[in-house]
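There are two complexes below, and they share chain A, which is joined by chain B in the first and by chain C in the second.
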Partner chain A sequence: MGMFDSINISASALTAQKTRIDIISKNMANVNTTRSTGGMPYRRQMVVFEEQRGPSFSSYLEKHTNRFNGKGVEISEIVEDTTPFKLKYEPGHPDANEDGYVMLPNVDMVTEMVNMIDAQRAYEANITAINGTKSMLMKALEISRR
Partner chain B sequence: MYANFKNNIDLFNKVLDGIWLRNKVINHNIANADTPKYKKLTVSFEDKLREALSKSDSKLVKTHEKHLPFPVNTKDIQPRIEENDKFSYRFDGNNVNIDTEMADLAKNTIMYNAVIDQLISEFDKIKNVIHEGGK
Partner chain C sequence: MEVRTIRTINQIAPTDGLNKKLDGSNATQFGQLLKNALNRVNELQIESDEYKKLLLTGDLDNLHDVTIAAEKANISLQLTLSIRNKLVEAYREIMRMQI
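Moving on, here comes the complex of A and B:
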(Lines of atoms letter the chains of each structure in order from A and count residues from 1; the text may use other names and numbers.)
(Lines give C-alpha, C1' and ligand atoms only; values in the text may rest on other atoms or scores of the structure.)
Protein backbone atom coordinates (compact mmCIF):
# COMPACT_ATOMS: atom_id res chain seq x y z
CA MET A 1 0.00 0.00 0.00
CA GLY A 2 1.99 2.91 -1.26
CA MET A 3 1.64 6.40 0.10
CA PHE A 4 1.00 8.09 -3.24
CA ASP A 5 -1.21 5.41 -4.83
CA SER A 6 -4.30 7.62 -4.52
CA ILE A 7 -2.63 10.48 -6.35
CA ASN A 8 -1.33 8.12 -9.05
CA ILE A 9 -4.86 6.77 -9.59
CA SER A 10 -6.25 10.29 -10.10
CA ALA A 11 -3.28 11.23 -12.29
CA SER A 12 -3.99 8.27 -14.60
CA ALA A 13 -7.50 9.64 -15.06
CA LEU A 14 -6.15 13.13 -15.78
CA THR A 15 -3.93 11.69 -18.53
CA ALA A 16 -6.82 9.70 -19.99
CA GLN A 17 -9.23 12.66 -20.04
CA LYS A 18 -6.55 14.93 -21.51
CA THR A 19 -5.98 12.44 -24.34
CA ARG A 20 -9.73 12.33 -24.88
CA ILE A 21 -9.80 16.14 -25.22
CA ASP A 22 -6.84 15.94 -27.66
CA ILE A 23 -8.76 13.50 -29.85
CA ILE A 24 -11.90 15.66 -29.69
CA SER A 25 -9.86 18.70 -30.78
CA LYS A 26 -8.45 16.66 -33.66
CA ASN A 27 -11.99 15.71 -34.75
CA MET A 28 -13.17 19.32 -34.56
CA ALA A 29 -10.16 20.62 -36.48
CA ASN A 30 -10.80 18.11 -39.27
CA VAL A 31 -14.54 18.69 -39.57
CA ASN A 32 -14.17 19.69 -43.25
CA THR A 33 -11.12 17.64 -44.28
CA THR A 34 -11.91 15.77 -47.51
CA ARG A 35 -8.41 14.42 -48.15
CA SER A 36 -7.08 12.13 -45.42
CA THR A 37 -5.26 8.76 -45.57
CA GLY A 38 -6.00 6.80 -48.77
CA GLY A 39 -7.59 9.84 -50.43
CA MET A 40 -10.73 9.36 -48.33
CA PRO A 41 -12.29 11.99 -46.06
CA TYR A 42 -11.19 12.17 -42.42
CA ARG A 43 -12.81 9.57 -40.15
CA ARG A 44 -13.92 10.55 -36.64
CA GLN A 45 -11.81 8.95 -33.86
CA MET A 46 -12.84 7.82 -30.38
CA VAL A 47 -10.94 6.76 -27.26
CA VAL A 48 -11.74 3.54 -25.37
CA PHE A 49 -11.31 3.67 -21.59
CA GLU A 50 -10.34 0.57 -19.64
CA GLU A 51 -9.93 -0.04 -15.91
CA GLN A 52 -6.31 -0.65 -14.86
CA ARG A 53 -6.29 -3.39 -12.28
CA GLY A 54 -3.25 -5.61 -12.47
CA PRO A 55 -3.19 -9.16 -13.89
CA SER A 56 -6.41 -11.16 -13.87
CA PHE A 57 -5.25 -13.66 -11.24
CA SER A 58 -4.31 -10.98 -8.73
CA SER A 59 -7.61 -9.19 -9.31
CA TYR A 60 -9.38 -12.49 -8.58
CA LEU A 61 -7.28 -13.03 -5.48
CA GLU A 62 -7.86 -9.52 -4.17
CA LYS A 63 -11.60 -10.11 -4.25
CA HIS A 64 -11.17 -12.89 -1.69
CA THR A 65 -8.49 -11.32 0.46
CA ASN A 66 -9.92 -7.79 0.59
CA ARG A 67 -6.74 -6.29 -0.79
CA PHE A 68 -6.98 -3.51 -3.31
CA ASN A 69 -4.55 -3.01 -6.19
CA GLY A 70 -6.56 -0.83 -8.56
CA LYS A 71 -4.39 1.52 -10.56
CA GLY A 72 -6.99 3.83 -12.10
CA VAL A 73 -7.86 4.05 -15.76
CA GLU A 74 -6.04 3.85 -19.08
CA ILE A 75 -6.84 4.33 -22.75
CA SER A 76 -6.71 0.84 -24.24
CA GLU A 77 -7.10 1.94 -27.87
CA ILE A 78 -8.13 4.77 -30.17
CA VAL A 79 -10.70 3.53 -32.68
CA GLU A 80 -12.25 5.02 -35.81
CA ASP A 81 -15.98 5.69 -36.02
CA THR A 82 -17.37 3.50 -38.83
CA THR A 83 -20.58 5.44 -39.44
CA PRO A 84 -20.97 6.52 -43.11
CA PHE A 85 -19.60 9.83 -44.39
CA LYS A 86 -21.92 12.77 -44.88
CA LEU A 87 -22.81 13.70 -48.47
CA LYS A 88 -23.10 17.31 -49.56
CA TYR A 89 -24.15 18.55 -53.02
CA GLU A 90 -21.36 20.82 -54.23
CA PRO A 91 -20.55 20.21 -57.96
CA GLY A 92 -17.74 22.79 -58.12
CA HIS A 93 -15.66 21.06 -55.43
CA PRO A 94 -12.51 19.29 -56.74
CA ASP A 95 -13.34 16.15 -54.70
CA ALA A 96 -16.96 15.89 -55.90
CA ASN A 97 -18.02 12.62 -57.59
CA GLU A 98 -19.70 12.42 -61.02
CA ASP A 99 -23.13 13.19 -59.48
CA GLY A 100 -21.77 16.37 -57.88
CA TYR A 101 -21.71 15.08 -54.26
CA VAL A 102 -18.75 15.60 -51.91
CA MET A 103 -18.05 13.11 -49.09
CA LEU A 104 -17.47 14.98 -45.82
CA PRO A 105 -16.10 13.53 -42.53
CA ASN A 106 -18.58 11.81 -40.17
CA VAL A 107 -17.84 14.41 -37.47
CA ASP A 108 -20.80 16.03 -35.75
CA MET A 109 -19.79 19.32 -34.17
CA VAL A 110 -22.50 19.24 -31.46
CA THR A 111 -21.56 15.71 -30.33
CA GLU A 112 -17.91 16.76 -30.07
CA MET A 113 -18.83 19.82 -28.01
CA VAL A 114 -20.93 17.76 -25.60
CA ASN A 115 -18.15 15.17 -25.24
CA MET A 116 -15.66 17.95 -24.56
CA ILE A 117 -17.76 19.36 -21.72
CA ASP A 118 -18.07 15.83 -20.29
CA ALA A 119 -14.29 15.35 -20.43
CA GLN A 120 -13.67 18.75 -18.83
CA ARG A 121 -16.01 17.98 -15.94
CA ALA A 122 -14.38 14.59 -15.38
CA TYR A 123 -10.95 16.29 -15.40
CA GLU A 124 -12.12 18.78 -12.77
CA ALA A 125 -13.55 15.99 -10.59
CA ASN A 126 -10.17 14.25 -10.58
CA ILE A 127 -8.38 17.53 -9.74
CA THR A 128 -10.70 17.83 -6.72
CA ALA A 129 -9.86 14.26 -5.73
CA ILE A 130 -6.12 15.01 -5.89
CA ASN A 131 -6.58 18.13 -3.74
CA GLY A 132 -8.51 16.08 -1.18
CA THR A 133 -5.77 13.47 -1.01
CA LYS A 134 -3.15 16.20 -0.72
CA SER A 135 -4.92 17.80 2.25
CA MET A 136 -5.19 14.39 3.94
CA LEU A 137 -1.46 13.77 3.52
CA MET A 138 -0.57 17.22 4.86
CA LYS A 139 -2.88 16.62 7.82
CA ALA A 140 -1.16 13.30 8.54
CA LEU A 141 2.19 15.11 8.66
CA GLU A 142 0.83 17.25 11.49
CA ILE A 143 0.92 14.25 13.84
CA SER A 144 4.69 14.47 14.03
CA ARG A 145 4.81 18.27 14.39
CA ARG A 146 3.90 18.32 18.08
CA MET B 1 -3.16 3.89 32.39
CA TYR B 2 -0.66 3.86 29.57
CA ALA B 3 -2.37 0.79 28.12
CA ASN B 4 -5.53 2.88 27.86
CA PHE B 5 -3.75 5.47 25.71
CA LYS B 6 -2.22 2.75 23.62
CA ASN B 7 -5.62 1.13 23.00
CA ASN B 8 -7.05 4.44 21.82
CA ILE B 9 -4.08 5.08 19.53
CA ASP B 10 -4.37 1.56 18.06
CA LEU B 11 -8.07 2.16 17.43
CA PHE B 12 -7.41 5.48 15.65
CA ASN B 13 -4.69 3.74 13.66
CA LYS B 14 -7.21 1.16 12.46
CA VAL B 15 -9.79 3.81 11.56
CA LEU B 16 -7.23 5.92 9.66
CA ASP B 17 -6.13 2.86 7.66
CA GLY B 18 -9.75 2.20 6.71
CA ILE B 19 -10.44 5.82 5.73
CA TRP B 20 -7.23 5.94 3.67
CA LEU B 21 -8.23 2.79 1.79
CA ARG B 22 -11.66 4.31 1.17
CA ASN B 23 -10.04 7.47 -0.22
CA LYS B 24 -8.09 5.31 -2.65
CA VAL B 25 -11.19 3.38 -3.71
CA ILE B 26 -13.23 6.60 -4.22
CA ASN B 27 -10.40 8.01 -6.35
CA HIS B 28 -10.48 4.80 -8.37
CA ASN B 29 -14.24 5.15 -8.85
CA ILE B 30 -13.91 8.79 -9.97
CA ALA B 31 -11.06 7.85 -12.34
CA ASN B 32 -13.28 5.19 -13.91
CA ALA B 33 -16.43 7.32 -14.15
CA ASP B 34 -16.31 7.01 -17.96
CA THR B 35 -15.12 3.40 -18.25
CA PRO B 36 -17.71 1.11 -19.88
CA LYS B 37 -18.87 -1.85 -17.72
CA TYR B 38 -17.02 -0.60 -14.63
CA LYS B 39 -18.87 -1.25 -11.35
CA LYS B 40 -18.33 0.97 -8.33
CA LEU B 41 -16.41 -0.31 -5.29
CA THR B 42 -17.21 0.49 -1.68
CA VAL B 43 -15.24 0.07 1.57
CA SER B 44 -16.94 -0.81 4.86
CA PHE B 45 -15.35 -1.21 8.26
CA GLU B 46 -17.20 1.08 10.69
CA ASP B 47 -20.09 -1.28 11.44
CA LYS B 48 -17.73 -4.17 12.25
CA LEU B 49 -15.57 -1.92 14.39
CA ARG B 50 -18.56 -0.55 16.29
CA GLU B 51 -19.81 -4.08 16.89
CA ALA B 52 -16.41 -5.15 18.21
CA LEU B 53 -16.19 -2.13 20.50
CA SER B 54 -19.66 -2.62 21.99
CA LYS B 55 -19.14 -6.34 22.54
CA SER B 56 -15.59 -6.20 23.84
CA ASP B 57 -16.89 -6.30 27.44
CA SER B 58 -19.12 -9.33 27.05
CA LYS B 59 -16.82 -12.22 26.32
CA LEU B 60 -18.53 -14.77 24.11
CA VAL B 61 -17.73 -18.31 25.15
CA LYS B 62 -16.92 -20.95 22.59
CA THR B 63 -18.71 -24.13 23.62
CA HIS B 64 -17.73 -26.07 20.53
CA GLU B 65 -14.40 -26.26 18.75
CA LYS B 66 -16.10 -25.57 15.41
CA HIS B 67 -17.58 -22.25 16.51
CA LEU B 68 -16.40 -19.40 14.31
CA PRO B 69 -14.07 -16.93 16.02
CA PHE B 70 -15.86 -13.70 16.85
CA PRO B 71 -13.65 -10.67 16.29
CA VAL B 72 -13.88 -8.89 19.64
CA ASN B 73 -10.35 -7.65 19.16
CA THR B 74 -10.28 -4.50 17.04
CA LYS B 75 -6.92 -5.64 15.67
CA ASP B 76 -8.61 -8.51 13.80
CA ILE B 77 -10.95 -6.25 11.86
CA GLN B 78 -10.05 -5.70 8.22
CA PRO B 79 -11.85 -3.27 5.92
CA ARG B 80 -14.04 -5.00 3.34
CA ILE B 81 -14.07 -4.00 -0.33
CA GLU B 82 -17.32 -4.77 -2.12
CA GLU B 83 -18.24 -4.50 -5.76
CA ASN B 84 -21.67 -2.99 -6.24
CA ASP B 85 -22.91 -4.77 -9.37
CA LYS B 86 -26.61 -4.87 -8.49
CA PHE B 87 -27.75 -2.07 -10.73
CA SER B 88 -26.75 0.20 -13.56
CA TYR B 89 -28.68 3.12 -14.97
CA ARG B 90 -26.46 3.96 -17.91
CA PHE B 91 -26.28 2.35 -21.34
CA ASP B 92 -22.55 1.65 -21.04
CA GLY B 93 -23.04 -0.61 -17.97
CA ASN B 94 -21.18 1.75 -15.66
CA ASN B 95 -22.83 2.58 -12.32
CA VAL B 96 -20.60 5.33 -10.89
CA ASN B 97 -22.61 8.37 -9.84
CA ILE B 98 -20.08 11.19 -9.89
CA ASP B 99 -22.15 13.38 -7.53
CA THR B 100 -22.35 10.80 -4.74
CA GLU B 101 -18.67 9.99 -5.22
CA MET B 102 -17.70 13.64 -4.77
CA ALA B 103 -19.91 13.86 -1.66
CA ASP B 104 -18.35 10.68 -0.25
CA LEU B 105 -14.90 12.08 -1.00
CA ALA B 106 -15.67 15.27 0.94
CA LYS B 107 -17.11 13.30 3.88
CA ASN B 108 -14.13 10.99 3.90
CA THR B 109 -11.59 13.85 3.91
CA ILE B 110 -13.37 15.64 6.77
CA MET B 111 -13.56 12.38 8.74
CA TYR B 112 -9.83 11.80 8.22
CA ASN B 113 -9.00 15.30 9.47
CA ALA B 114 -11.22 14.81 12.52
CA VAL B 115 -9.61 11.48 13.46
CA ILE B 116 -6.11 12.93 12.99
CA ASP B 117 -7.06 15.77 15.38
CA GLN B 118 -8.23 13.25 17.96
CA LEU B 119 -5.03 11.25 17.55
CA ILE B 120 -2.94 14.40 18.05
CA SER B 121 -4.89 15.25 21.22
CA GLU B 122 -4.19 11.73 22.48
CA PHE B 123 -0.45 12.29 22.05
CA ASP B 124 -0.84 15.71 23.70
CA LYS B 125 -2.30 14.01 26.77
CA ILE B 126 0.72 11.72 27.10
CA LYS B 127 3.03 14.68 26.60
CA ASN B 128 1.13 16.66 29.20
CA VAL B 129 1.54 13.87 31.77
CA ILE B 130 5.28 13.66 31.08
CA HIS B 131 5.78 17.43 31.38
CA GLU B 132 3.53 18.23 34.32
CA GLY B 133 4.33 15.07 36.30
CA GLY B 134 7.89 16.19 36.89
CA LYS B 135 6.94 19.50 38.53
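Moving on, here comes the complex of A and C:
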Protein backbone atom coordinates (compact mmCIF):
# COMPACT_ATOMS: atom_id res chain seq x y z
CA MET A 1 0.00 0.00 0.00
CA GLY A 2 1.48 3.29 -1.08
CA MET A 3 1.99 6.38 1.01
CA PHE A 4 -0.83 8.35 -0.62
CA ASP A 5 -3.38 5.54 -1.00
CA SER A 6 -5.56 6.70 1.88
CA ILE A 7 -5.55 10.23 0.42
CA ASN A 8 -6.50 8.83 -3.00
CA ILE A 9 -9.35 6.83 -1.45
CA SER A 10 -10.67 9.93 0.32
CA ALA A 11 -10.29 11.90 -2.91
CA SER A 12 -12.46 9.35 -4.76
CA ALA A 13 -15.10 9.79 -2.05
CA LEU A 14 -14.91 13.58 -2.45
CA THR A 15 -15.49 13.23 -6.20
CA ALA A 16 -18.40 10.86 -5.58
CA GLN A 17 -20.08 13.19 -3.08
CA LYS A 18 -19.51 16.13 -5.41
CA THR A 19 -21.33 14.25 -8.19
CA ARG A 20 -24.13 13.51 -5.74
CA ILE A 21 -24.44 17.23 -4.94
CA ASP A 22 -24.51 17.93 -8.71
CA ILE A 23 -27.40 15.51 -9.21
CA ILE A 24 -29.27 16.89 -6.18
CA SER A 25 -28.88 20.42 -7.54
CA LYS A 26 -30.22 19.20 -10.88
CA ASN A 27 -33.26 17.67 -9.15
CA MET A 28 -33.91 20.86 -7.17
CA ALA A 29 -33.55 23.06 -10.24
CA ASN A 30 -36.05 20.93 -12.15
CA VAL A 31 -38.63 20.70 -9.37
CA ASN A 32 -41.31 22.32 -11.59
CA THR A 33 -40.13 21.19 -15.02
CA THR A 34 -43.05 19.75 -16.97
CA ARG A 35 -41.30 19.34 -20.30
CA SER A 36 -38.45 16.86 -20.36
CA THR A 37 -37.49 13.92 -22.61
CA GLY A 38 -40.42 12.38 -24.49
CA GLY A 39 -42.79 15.17 -23.53
CA MET A 40 -42.95 13.84 -19.99
CA PRO A 41 -42.14 15.80 -16.82
CA TYR A 42 -38.63 15.66 -15.37
CA ARG A 43 -37.84 12.43 -13.55
CA ARG A 44 -35.85 12.58 -10.32
CA GLN A 45 -32.35 11.12 -10.65
CA MET A 46 -30.26 9.25 -8.12
CA VAL A 47 -26.60 8.25 -8.03
CA VAL A 48 -25.54 4.70 -7.22
CA PHE A 49 -22.15 4.25 -5.57
CA GLU A 50 -19.90 1.27 -6.09
CA GLU A 51 -16.68 0.17 -4.44
CA GLN A 52 -13.72 0.68 -6.75
CA ARG A 53 -11.89 -2.52 -7.57
CA GLY A 54 -8.95 -3.47 -9.66
CA PRO A 55 -9.01 -6.21 -12.31
CA SER A 56 -11.16 -9.05 -11.00
CA PHE A 57 -8.55 -11.81 -10.73
CA SER A 58 -5.97 -9.79 -8.83
CA SER A 59 -8.59 -8.40 -6.47
CA TYR A 60 -9.78 -11.98 -5.81
CA LEU A 61 -6.21 -13.05 -5.14
CA GLU A 62 -5.56 -10.10 -2.85
CA LYS A 63 -8.73 -10.81 -0.93
CA HIS A 64 -7.56 -14.36 -0.21
CA THR A 65 -4.00 -13.45 0.63
CA ASN A 66 -5.27 -10.89 3.17
CA ARG A 67 -3.70 -8.01 1.35
CA PHE A 68 -5.23 -4.59 1.20
CA ASN A 69 -7.80 -4.40 -1.55
CA GLY A 70 -10.22 -1.78 -2.76
CA LYS A 71 -9.37 1.65 -4.03
CA GLY A 72 -12.22 3.82 -2.82
CA VAL A 73 -15.62 4.58 -4.25
CA GLU A 74 -16.89 5.43 -7.70
CA ILE A 75 -20.18 6.29 -9.33
CA SER A 76 -21.62 3.07 -10.70
CA GLU A 77 -24.57 4.61 -12.51
CA ILE A 78 -27.09 7.43 -12.41
CA VAL A 79 -30.61 6.00 -12.34
CA GLU A 80 -34.04 7.53 -12.60
CA ASP A 81 -36.53 7.36 -9.76
CA THR A 82 -39.57 5.38 -10.98
CA THR A 83 -42.08 6.65 -8.43
CA PRO A 84 -45.20 8.14 -10.11
CA PHE A 85 -45.42 11.81 -11.02
CA LYS A 86 -47.36 14.20 -8.83
CA LEU A 87 -50.68 15.50 -10.20
CA LYS A 88 -51.79 19.06 -9.67
CA TYR A 89 -55.11 20.59 -10.72
CA GLU A 90 -54.26 23.60 -12.87
CA PRO A 91 -56.54 23.82 -15.96
CA GLY A 92 -54.90 26.96 -17.34
CA HIS A 93 -51.50 25.31 -17.69
CA PRO A 94 -50.46 24.54 -21.31
CA ASP A 95 -49.33 21.02 -20.30
CA ALA A 96 -52.57 20.15 -18.46
CA ASN A 97 -54.46 17.04 -19.67
CA GLU A 98 -58.16 17.04 -20.63
CA ASP A 99 -59.22 16.75 -16.96
CA GLY A 100 -57.18 19.86 -16.07
CA TYR A 101 -54.38 18.04 -14.21
CA VAL A 102 -50.69 18.82 -14.75
CA MET A 103 -48.10 16.10 -14.19
CA LEU A 104 -45.26 17.47 -12.06
CA PRO A 105 -41.84 15.85 -11.44
CA ASN A 106 -41.53 13.27 -8.66
CA VAL A 107 -39.03 15.50 -6.85
CA ASP A 108 -39.65 16.13 -3.17
CA MET A 109 -37.88 19.32 -2.06
CA VAL A 110 -37.54 18.20 1.59
CA THR A 111 -35.96 14.87 0.62
CA GLU A 112 -33.52 16.66 -1.67
CA MET A 113 -32.55 19.10 1.08
CA VAL A 114 -31.94 16.26 3.55
CA ASN A 115 -29.87 14.38 0.95
CA MET A 116 -27.88 17.52 0.26
CA ILE A 117 -27.02 17.97 3.95
CA ASP A 118 -26.02 14.29 4.03
CA ALA A 119 -23.74 14.70 1.00
CA GLN A 120 -22.22 17.88 2.45
CA ARG A 121 -21.45 16.18 5.76
CA ALA A 122 -19.99 13.14 4.01
CA TYR A 123 -17.75 15.48 1.97
CA GLU A 124 -16.61 17.19 5.18
CA ALA A 125 -15.96 13.83 6.84
CA ASN A 126 -13.67 12.79 3.99
CA ILE A 127 -11.82 16.09 4.16
CA THR A 128 -11.29 15.43 7.87
CA ALA A 129 -9.91 12.00 6.95
CA ILE A 130 -7.50 13.59 4.46
CA ASN A 131 -6.36 16.12 7.07
CA GLY A 132 -5.85 13.29 9.57
CA THR A 133 -3.68 11.39 7.08
CA LYS A 134 -1.75 14.54 6.27
CA SER A 135 -1.03 15.35 9.91
CA MET A 136 0.08 11.73 10.45
CA LEU A 137 2.55 12.03 7.58
CA MET A 138 3.80 15.39 8.86
CA LYS A 139 4.22 13.91 12.35
CA ALA A 140 6.20 11.03 10.85
CA LEU A 141 8.58 13.59 9.36
CA GLU A 142 9.10 15.03 12.83
CA ILE A 143 10.60 11.77 14.14
CA SER A 144 14.11 12.48 15.43
CA ARG A 145 14.02 16.04 14.14
CA ARG A 146 16.08 18.28 16.33
CA MET B 1 10.75 -31.51 33.44
CA GLU B 2 12.41 -31.46 30.10
CA VAL B 3 15.57 -29.43 29.91
CA ARG B 4 16.17 -27.93 26.52
CA THR B 5 19.65 -27.64 25.20
CA ILE B 6 20.97 -24.17 24.76
CA ARG B 7 21.20 -23.32 21.08
CA THR B 8 24.54 -22.36 19.73
CA ILE B 9 25.08 -18.71 19.03
CA ASN B 10 25.41 -19.35 15.31
CA GLN B 11 21.79 -20.40 15.08
CA ILE B 12 20.59 -17.28 16.81
CA ALA B 13 22.80 -14.82 15.05
CA PRO B 14 24.21 -16.10 11.80
CA THR B 15 27.36 -14.22 10.92
CA ASP B 16 27.83 -15.47 7.36
CA GLY B 17 26.29 -12.44 5.73
CA LEU B 18 28.40 -9.96 7.68
CA ASN B 19 31.66 -10.93 6.01
CA LYS B 20 30.40 -10.42 2.47
CA LYS B 21 32.03 -7.55 0.73
CA LEU B 22 29.90 -4.90 -0.83
CA ASP B 23 30.30 -5.00 -4.58
CA GLY B 24 29.85 -2.09 -6.93
CA SER B 25 26.33 -3.03 -7.97
CA ASN B 26 24.91 -1.94 -4.61
CA ALA B 27 26.19 1.59 -5.10
CA THR B 28 24.46 1.94 -8.45
CA GLN B 29 21.31 0.47 -6.96
CA PHE B 30 21.23 3.18 -4.33
CA GLY B 31 21.80 5.84 -6.96
CA GLN B 32 19.04 4.38 -9.08
CA LEU B 33 16.74 4.24 -6.04
CA LEU B 34 17.39 7.88 -5.25
CA LYS B 35 16.84 8.83 -8.86
CA ASN B 36 13.52 6.97 -9.02
CA ALA B 37 12.34 8.55 -5.78
CA LEU B 38 13.26 12.02 -7.03
CA ASN B 39 11.47 11.32 -10.30
CA ARG B 40 8.30 10.39 -8.43
CA VAL B 41 8.49 13.57 -6.36
CA ASN B 42 8.93 15.49 -9.59
CA GLU B 43 5.92 13.72 -11.13
CA LEU B 44 3.77 14.82 -8.19
CA GLN B 45 4.97 18.41 -8.65
CA ILE B 46 4.12 18.27 -12.37
CA GLU B 47 0.69 16.79 -11.59
CA SER B 48 0.06 19.61 -9.13
CA ASP B 49 1.13 22.13 -11.79
CA GLU B 50 -1.23 20.56 -14.35
CA TYR B 51 -4.16 20.86 -11.94
CA LYS B 52 -3.23 24.49 -11.21
CA LYS B 53 -3.20 25.16 -14.94
CA LEU B 54 -6.69 23.62 -15.23
CA LEU B 55 -7.86 25.78 -12.33
CA LEU B 56 -6.54 28.95 -13.94
CA THR B 57 -8.03 28.16 -17.35
CA GLY B 58 -11.39 27.24 -15.83
CA ASP B 59 -11.42 23.67 -17.16
CA LEU B 60 -11.45 22.15 -13.71
CA ASP B 61 -14.22 19.76 -12.60
CA ASN B 62 -13.34 19.25 -8.96
CA LEU B 63 -11.66 21.87 -6.79
CA HIS B 64 -10.49 19.27 -4.29
CA ASP B 65 -8.28 17.67 -6.97
CA VAL B 66 -6.11 20.82 -6.93
CA THR B 67 -5.73 21.01 -3.18
CA ILE B 68 -5.06 17.27 -2.87
CA ALA B 69 -2.47 17.30 -5.66
CA ALA B 70 -0.78 20.33 -4.04
CA GLU B 71 -0.82 18.58 -0.67
CA LYS B 72 0.72 15.40 -2.09
CA ALA B 73 3.43 17.43 -3.83
CA ASN B 74 4.09 19.36 -0.61
CA ILE B 75 4.35 16.25 1.60
CA SER B 76 6.63 14.39 -0.82
CA LEU B 77 8.87 17.46 -1.17
CA GLN B 78 9.12 17.80 2.60
CA LEU B 79 10.02 14.11 2.86
CA THR B 80 12.72 14.59 0.21
CA LEU B 81 14.06 17.62 2.07
CA SER B 82 14.24 15.83 5.38
CA ILE B 83 16.03 12.86 3.78
CA ARG B 84 18.45 15.28 2.11
CA ASN B 85 19.07 16.98 5.46
CA LYS B 86 19.76 13.61 7.06
CA LEU B 87 22.25 12.72 4.31
CA VAL B 88 24.07 16.04 4.60
CA GLU B 89 24.14 15.70 8.37
CA ALA B 90 25.61 12.20 8.12
CA TYR B 91 28.23 13.44 5.66
CA ARG B 92 29.22 16.30 8.00
CA GLU B 93 29.37 13.92 10.93
CA ILE B 94 31.83 11.74 9.05
CA MET B 95 33.91 14.73 7.93
CA ARG B 96 34.19 15.91 11.55
CA MET B 97 35.53 12.54 12.63
CA GLN B 98 38.95 12.67 14.31
CA ILE B 99 41.48 10.32 12.80
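The definition used in the following text is that the second predicted complex is superposed on the first by the 143 of 146 C-alpha atoms of A that agree within 3 Å, B and C clash if a C-alpha of one lies under 4 Å from a C-alpha of the other, contacts with A are read in each partner's own complex, and residues count from 1 in each chain.
Methods note: a contact is a pair of C-beta atoms (placed from the backbone, for glycine too) under 8 Å apart; a residue touches a chain by one contact, two chains touch by 3 or more.
For clarity, every value in this text was computed on a predicted model and none was experimentally measured.
Engineer: Putting chain B and chain C onto chain A via the overlay, clash or fit?
Structural biologist: Overlaying the two complexes on chain A (C-alpha atoms) leaves chain C and chain B fitting together cleanly.
Engineer: Kindly classify A:Lys18 by the partners it touches after superposition: chain B alone (first), chain C alone (second), both, or neither?
Structural biologist: It touches chain C, and chain B stays clear.
Engineer: Given the touch rule stated above, what does A:Asp5 touch, chain B (first), chain C (second), both, or neither?
Structural biologist: Touch status of A:Asp5: first partner only.
Engineer: So which one touches more of the residues on chain A, chain B or chain C?
Structural biologist: B
Engineer: Touching A:Ala122, do we find chain B (first), chain C (second), both, or neither?
Structural biologist: first
Engineer: Would you check which partner chain A:Glu50 touches, where first means chain B only, second means chain C only, and both and neither mean what they say?
Structural biologist: first
Engineer: In the superposed arrangement, does A:Gly132 touch chain B (first), chain C (second), both or neither?
Structural biologist: In the superposition, A:Gly132 contacts chain B only.
Engineer: Using the superposition on chain A described above, determine whether A:Asn30 touches chain B (first), chain C (second), both, or neither.
Structural biologist: Neither partner.
Engineer: State whether A:Asn106 touches chain B only (first), chain C only (second), both chains, or neither.
Structural biologist: Neither partner.
Engineer: On the overlay, how many Å separate the closest CA atoms of chain B and chain C?
Structural biologist: Nearest C-alpha pair, chain B versus chain C: 8 Å apart.
Engineer: Which chain C residues qualify as touching chain A in the complex?
Structural biologist: The touching residues are 62, 64-65, 68, 71-72, 75-76, 78-79, 82.
Engineer: Mind pulling up the chain A residues that touch chain C in the complex?
Structural biologist: 3-4, 7, 11, 14-15, 18, 127, 130, 134, 137-138, 141, 145
Engineer: Can you list the chain B residues touching chain A in their complex?
Structural biologist: Residue positions touching the partner: 16, 20-21, 23-28, 30-36, 38, 41, 78-81, 83, 98, 101-102, 105-106, 108-109, 112-113, 116, 119-120, 123-124, 127.
Engineer: Contact residues on chain A for chain B in the complex?
Structural biologist: Counting only chain A, the residues touching chain B are 1, 5-6, 9-10, 12-13, 16-17, 48-51, 62-63, 66, 68, 70, 72-73, 118, 121-122, 125-126, 128-129, 132-133, 135-136, 139-140, 142-143, 146.
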